[in-house]
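Structures are listed in the sections that come next.
Common to both upcoming complexes is chain A, partnered first by chain B, then by chain C.
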Partner chain A sequence: MIKLENVQFGYDANRMLFNGVSWQLEAGHLYGLLGRNGAGKTTLLKIMTGLLFPQAGNALIDGQPALKRSATQLSDVYFLQEEIYVPHLKIKQFEAAFAPFYPNFSHEQFMEYLAEMEMDNMPGFIDKFSHGQKKKVMIAFALATNVPLLIMDEPTNGLDIPSKSIFRKIMASYADEQKTVIISTHQVRDLHSLIDAVSILDNGRMILNAPGDVITDKLLFDVDNQKSQEGKVFYTEETPRGVYQVKENINHIDSALDLELLFNAAVQNKKEFTEMFQ
Partner chain B sequence: MIMDFKSTQTIYRQIVNWVFEQILSGSWKPGERAKSVRELAVAFEVNPNTVMRSYEYLQNQDIISNKRGIGYFINEDATEKILAIRKKEFLEEEVPEFLKNMRLLGIDFNEIVNSD
Partner chain C sequence: MNINNITKLLKAYFYENWQNDLIFNFVIILAIALFSMLMSPFDTGVTSFAAVILMVYYPCRLFSKLQSPSSRMHYLMIPATNAEKVVTGMLLANIYYVFGIALSFVIGLLLGFGLAKIFNPDLMFTSDLFKSAFPSSWMSVLLLYTSIAIAFFAAIYFRKSPFWKLLLTGFVVSTVLGLITTVTVWLNAKAVLPAGSFSRNYIKTESYITSGKDWFPYVLCCITIVYCYAMSFLRMRETEA
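Let's turn to the complex of A and B:
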């Protein structure tokens, strides 16, 4: 289990980014980490993986502080950053050099994922590939490690249209009860069918952290008052398709979770949302 | 296979309806094995937990059964069960909407019968 407890952190001593952020993640879910530009999503992920140290509080992976960076802990985590660094190696050489760090790495899966993204038999050095091609190789590698904690920062950025669909298919087959996947993204439309738990970081706080079914139990996503009922309205948006609303779900009506509406509703109702999803 | 993610219907309900269609059209036959959760998740590009929720609903409605270690099977009377659910939904949801539109547009029943 992954846990952040009252983490404090700032790049500048006069301006703290996190003044006590807490976050708990359960295995078996694919978390979507959402937040505005500069909210600190990437920083939070770096603290979680031991790449940055909290100035106060704890980042724990299975009870052990992430900053210890023990060998067993590092072999259980893969963090695919948005800005990917690739060494001057061919795909085969890259695998030979880095796969041994991950005891559950599967060569077959790596080959299969590369083939699905049409990157198998790619000659040449990875650092000479296009941005999207590099990304595909790194995604295939990250998934083939079969780590219990997989973190991806904007994985669909730079992928072409067919690759996004292939990425979703691969992710759908990858998720299982033992694995925790965190995807930090602004491209919610690319991924919203895969995300089944949502974490929203705003102003140095986690204002919402809940599985999708808990969210739709408490909130109603309504178009044109079709499911009209009493209850507080948290957010309204007028579109050519109708009036979209996020409301309190007092009658426990099932509705389709819309991540963009949820995000806008959450940042406008921080206090209520923090209490509601505690 | 593409889900309409902008629909107001939840993804899990859309998958349930898709399964209904497969059984009613005869492409999934009673007694046969249903596609696995993972197969459907990959085909629809959705989280396996979402398909799991659809299958739990179908199990609660006695449309499919889980045989441990083997997978899900379509029950012999699945078609009758689905028709009963569909009929109930039609009467409770679509008919009131239909009647509301009739009143709104000032259409009476004779007009409907004659337009056929």
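Let's turn to the complex of A and C:
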């Protein structure tokens, strides 16, 4: 459905941000796009949606170049920005103005999500709300569009602790086989229970792109009181609670995917991870 | 091009702007009423100029969403093609703003006339009252729409302060063209005329544009209009977030 082929891009002609990034996304997954600050996560998402044009390579949505920004393509995509822009409208006016652009928009779902986030009876103009409140309204709207591709850039930034739990709850029930959700985030602890496929961007390359079950089949996320000697260890972190390790899963033992450990292991072992998950 | 998408874009525009537009037009009505009451309801010079300036100023605000990265992203992600977004802007600039401002001027002038009549009961109503709200000739109409097309292009091209940048550009371009013309005429006149006889009398001073008797100014205006909208579309297509 979504495909990036050898995308090259740089804001500065002498310093390329991406030197041939390829990324393919399948419907029915909730992808976590991880990367360091400045790795280009938001830029990559903008290229994917046709908001930025690659200098070489292609960004395709359903086989069509994203840079065309056709109405059909755009009605299949919703991009929830980190820095939210909201027009000077009340919630109902916002819905009346922009919902008609999305053929699968559900008013009932919108009201339901707003109610869950305690924003359903909020009077006044959205642009006068706090950052967190604006974000809640826009998250509810984004989810209610029911678009096949939903992109969320740092969705939990600015949300208070109860709202983050509500967000996780809503997202858990949101995904289905027709929808692809991409969440770009630094706050992996907020979302690790939701994400079922992980993509890691580092130094202009996608060093990992795999579903969670494939990752846990190949890697073991282990916590013990001493360093393991069995299998290749990719990453170790000593904490008061024990020694956390990411190591080769030679015995195919089930373990819970820990995004933070995975990220650290991946950026320290780029070559091995790229080959392992190719 | 999908007419439904244009309708949705217009609807979204009115949801976002109807209050501002209403306030803006209300201010115009009051200003025109006061001005025409204090000066003379039939003194059309200043009010005509104000009408044209407003009709050109308003399209400059059309693409204000392209100014900041987050609003630009929001606007570009609205599910409509670039062409539909440009056409929606054209409809607003050429019909809604022009007729909205003209209507506000008519109401303002009527109000001003009514107030002036309180102080001067001998004042007689004639249709001359509305001269400043409507163009006086087809050439004026064409010039107005050419100015709107230029302002429209400026709104997309200069993202920040397009109106002032447009005025500055207009000033610089006309100054440079004026200088080139003066130097060219002066050099040619020097070559063909006896020394010391060069004067303004030797130069044809009436403008093609304002004479309205020749086809050339009409064609020039039409080409400018088409050029500005075509360039606006291309500029919109290449706009990135």
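The working rule: the second predicted complex is superposed on the first by the 273 of 278 C-alpha atoms of A that agree within 3 Å, B and C clash if a C-alpha of one lies under 4 Å from a C-alpha of the other, contacts with A are read in each partner's own complex, and residues count from 1 in each chain.
Here, a residue touches a chain if its C-beta (ideal position, glycine included) is under 8 Å from a C-beta of that chain, and two chains touch if they have at least 3 such contacts.
Note that this is a predicted model, so its numbers are computed, not measured.
**Student:** Does the superposition put A:S75 against chain B (first), chain C (second), both, or neither?
**Tutor:** After superposing on A, A:S75 lies in contact with chain C but is clear of chain B.
**Student:** By the touch definition at the top of the document, which applies to A:F53: first (chain B), second (chain C), both, or neither?
**Tutor:** second
**Student:** Go through the superposed model and pick first if A:T216 touches only chain B, second if only chain C, both, or neither.
**Tutor:** A:T216: touches chain B, not chain C.
**Student:** Using the touch definition from the top, say if A:A172 reaches chain B (first), chain C (second), both or neither.
**Tutor:** A:A172 contacts chain B only, not chain C.
**Student:** Of the two partner chains, chain B (first) and chain C (second), which one does A:I84 touch, if any: first, second, both, or neither?
**Tutor:** second
**Student:** Tell me the contact category for A:D254 with respect to chain B and chain C: first, second, both or neither.
**Tutor:** first
**Student:** For chain A, which residues count as touching chain B in their complex?
**Tutor:** 28-30, 165, 168-169, 172-173, 175-176, 192-196, 213, 216, 221-223, 226, 241, 254-257
**Student:** Can you name the residues of chain B that touch chain A in the complex?
**Tutor:** 3, 5-11, 13, 38, 41-50, 53
**Student:** For the complex, give me every residue of chain A touching chain C.
**Tutor:** Where chain A meets chain C, its residues are 46, 49, 51-53, 69-72, 74-75, 77-79, 81, 83-85, 87-89, 93, 96-98, 100-102.
**Student:** Help me check something: in the complex, which residues belonging to chain C touch chain A?
**Tutor:** Contact set of chain C toward chain A: 2, 5, 8, 11-12, 15-16, 68-71, 73-74, 76-82, 84, 238, 240-241.
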